[in-house]
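I've put the structures underneath this note.
Okay, so subunit A shows up in both of these, paired with subunit B first and subunit C after.
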Partner chain A sequence: MPKQDVAIVGIGASRFDSITAGLSYKELMFEAAIRAYADAGIDVRYDVGSFICCAEDFWEGNSISDEYMPDQIGAKLRPLFTVSGDGLLGLAHAYMHVMAGVSDLVVVESHSKLSDVASKEKIEELGYDPTFARLPGIDPRYLAGLEMRRYMEESGSTHEDCAAVAVKNKRNALKNPRGVYAESLALGDVLDSEEIASPLTKGEMSQPADGSIVVAVASAKKARKLSDKPVWLSGISWFSDAPNVEEMDLGQALYASNSSRKAYSMAGITKPATQFDFAEIDDTYAYKELQHIESLGLAKRAGKFVSSGRANPDGAMPVNVSGGSLGTGHLVEASALARVYEAVLQLRGEAGPMQISSHKKCVVQSWRGIPTQSGVTAVLSSR
Partner chain B sequence: MERITEGDQIRRWNDHIPLQWKYTAGVAGERFLQLLKQGKIQASVCRSCNKTYLPPKIFCKECFAQLSEWRDVPSDSGYVYSFTAVNGEIIALVKFDGVDGGLLGRLRKGREGPRIGIKVKAVFRRKEDRKGALSDIEYFERTGV
Partner chain C sequence: MSERVKFFPGREIRSRSIDEVLASEYAADLKYSWASGAAMSRFLIELKNGRIIARKCNKCKRILLPPRIFCEDCFRETDGWFYVKDTGTVNTYSISYVAADASRLKEPLFVAVINIEGATEGMGFLHLLGEVSEKELKVGMRVGAVWKPEAERIGSILDIRYFKPI
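Moving on to the complex of A and B:
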């Protein structure tokens, strides 16, 4: 039996939209937090031992942005720190807080207010090494183009296979109330859309959205007291590969293969291709979902796997039934916490029209976006 | 909670962050860029790990040793590891025979389209136009055609 030391006992999401006009990021956080605490059945001002936010100053438009996090999630004068990383890394910290006895009830929050960011591409460019990898006049997503071509060369996945991911995820999102970018498309619509960094087209890129996610994480004892449907966090690990573009593998996602190996061994997973009922994984760009499926050991030839329908909601291994980032929008550091939110709904059997029939165990995985080779893998199960 | 229902009620402040940095290239970066100005490419070497770092570093990420050995990388020994067409240009990650790492740069458009694996050489700007920056390599172009 997998470890049952740490569980997710409450989840909350704010509204998701391409623009949340009139609402500040703090109000989005407040909205998600109220829902998460109601879901967990807790009084945040008395029950929570520690808080973890995941945000990055450049996306916030504010230096020391961590100082602005506490009040709207109920953390005034409580232990809170901000992780400059994706939301799943916050979940890893929550796991450690519980296991170390720091707190038996931890809150993790992450959000996006990308509609406030007027210089998205400039911020992405500033992530590159200033001397060797910032290329003036060149769209910073050049790296996604380089990576996609190298991935296709090494894996044998075709451009049509990549486009099939976008078609699948945008179609899946039609059943999701958070499906901001839900759409019924044909392969040709995706392939013929504007080329941003060849072979990558606009239709294969997730588009920005606003939203906040709050997750409450508890010790086993506390979880059994609070919830009749705890979702066990039975394995989690994280990994960073080369920080320099010149040294990146690009063909494989080594952060995903390495972090999953560790997370799987914690959770007693030896055959990921058959032991999971579904997967909610990073699909910032369509080819990334294919690369991640392979690096996580879910299928050997991800292109054929997706194109033949085996990753569809009724397939052998449904991938991103929620619609992923392609269908629900990219939430910067909150993207992976949105995957956790959708996975928990499935595991509890509360995914409404999205609900799939087998939903006991899943893998959730993040990537921190260009120009990083960093990511987290987690194993969640309902028993 | 009362909501804003009229678009023109929404207040937004437009602001920008006018910041500047002076990035230090460092010991390895300085040496690399000075040599680039002379039309040479050099990498740093860790003998015990059999690793050759480009762009060079003074530390080995495998064994954590400090590196002080350098070796010339022939500027015509490159090959295209991957490439992308973006903003009307072709950007390539060029790797070199026997070297870990590589260099990013523009790929000159030839009669044939680029492919992964084609051999390329670095073409430097005229001496008087070089600045000790990566852009001293004006572009890479296919060799042996």
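Moving on to the complex of A and C:
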């Protein structure tokens, strides 16, 4: 029996779109928040003891973005802090708040308003070490090209296997109302798309989207009172590899293997390949999903695994049934919380046309994007 | 310092000479285009028309300025638009002698928080005061907006040049 100390009792998502010019980020957040609180059946102004936002100031364009977060999620004059990290890290904080007795009901929010950011690549460039690793005049996503080649070299996965991830996820997104980048593609469409940082092509890269996700997290006692379908957060952990590009493990995702080891041990997972019913994991770039499948122990040879259809919604281990970031858009820090949102729908059996038949337990995993080697792994289960 | 540890390991890290003290310079080139949103877009358009618009919440009865689609107290959608006056009272002010580039200003600028009449107490504008001398400044003084000519207004809070005593 996995741990049942902390549970997700409410989820809400705003609309997802490539551009939301008519709405401010605050209005997007309000849209998600009001839905999450209705879903949890709570009065946010009285019931919530702690709020956590996951936002990076550079994406916000505001050097004290935390100051602007409370009002639109019901946190005015309430305890709130911002985590400069992905949404799953916010969920890890919520877990700690509940376990430490800070509050028995915690709200986690994360959002993307990438359509407000006119210099996305410049912000990614700022992530590189300023003295040693900032190559001028190149789109900073070259690191993804370097990593993809190293991964293929080590794993034996082919470029066709990587492209198959993009085909699968964009096809899965056709059934998702949040499938901003849903498409029915052939392998050749992905492989022949524009080369960005060879071997990586444009078709293998998730594209930016706007959206906000709000998740309400409760103690076991509170969860049983509030919800007849609590989703248990039975394990969560995080990890960072080396900061220098030369010293990172570019072939395997060390942050995924090491954070999952700890999360699995908390949740009593010893055979991830058979104990999980499905996975919602980072697919910022198509090869990343393969790398993560291997590092999370879901399959030994992820390329063959995906290409043969075993990660399809009707396969042995469905991966990103929601369409992932490739199909629903990349939401920067909110990408991981979007994976949580989709996983909770599946676990509750409320995923509509996306619903898969076995949906009791899953792994959710994040990666913070280039040039980081940081990520979080969580185990969620419906019982 | 810990009482328990008398000698800490290692030694102070230092460069060998002043010639070896280097730094990496970098100018970030960041650009944003913030969507004003449903509430603030209407507000800006009304400024262009020479009017100040707020939102009202029928539950707490507040008139919210700047306008917002949600009431942060009641956590619900606000209920409608409400024009407020372009007059108000000075809540507090500061006399600023330093420009944005840190140079000394010959003529100081008067920055003020202005409670706008018609909006709920404590709501209004952060703006400038003009046509007033330093000696005349007073917390609680009544002021009114001095608008730019209509042709020069672009939908910005700077469509109001400043507030002056009335």
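By definition in this document, the second predicted complex is superposed on the first by the 383 of 383 C-alpha atoms of A that agree within 3 Å, B and C clash if a C-alpha of one lies under 4 Å from a C-alpha of the other, contacts with A are read in each partner's own complex, and residues count from 1 in each chain.
Here is the rule we use: a residue touches a chain if its C-beta (ideal position, glycine included) is under 8 Å from a C-beta of that chain, and two chains touch if they have at least 3 such contacts.
The shown structure was predicted, so the numbers you read here are calculated from the model rather than taken from an experiment.
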| item | value |
| --- | --- |
| Subunit B versus subunit C as contact partner of A:241, first or second or both or neither | neither |
| Contacts of A:195 with subunit B and subunit C, given as first, second, both or neither | first |
| Subunit B versus subunit C as contact partner of A:130, first or second or both or neither | both |
| Partner chain(s) touched by A:149 [first = subunit B, second = subunit C, both, neither] | first |
| First, second, both or neither for A:22, with subunit B first and subunit C second | both |
| First (subunit B), second (subunit C), both or neither touched by A:280 | neither |
| Touched partner set for A:333, first subunit B, second subunit C, both or neither | neither |
| Which superposed partner A:44 touches (first subunit B, second subunit C, both, neither) | second |
| First (subunit B), second (subunit C), both or neither touched by A:109 | neither |
| Residues of subunit A contacting subunit B in one complex and subunit C in the other | 21-22, 61, 116, 118-119, 130-131 |
| Interfacial residue positions of subunit B with respect to subunit A in the complex | 3-4, 7, 9-10, 12, 14-17, 21, 23, 25, 29, 33, 54-55, 81-87, 89, 91-93, 100-104, 116, 133-134 |
| Subunit A residues touching subunit B - in the complex, by the definition given at the top | 21-22, 61, 116, 118-119, 130-133, 135, 137-139, 141-142, 145-150, 153, 195-200, 244-247, 250 |
| Residues of subunit C that touch subunit A when the two form their complex | 24, 26, 28-41, 68-70, 72-76 |
| For the subunit A and subunit C complex, residues of the former touching the latter | 20-27, 30, 33-34, 37, 44-45, 58, 61, 70-72, 74, 76, 113, 115-119, 122-123, 126, 130-131, 134 |
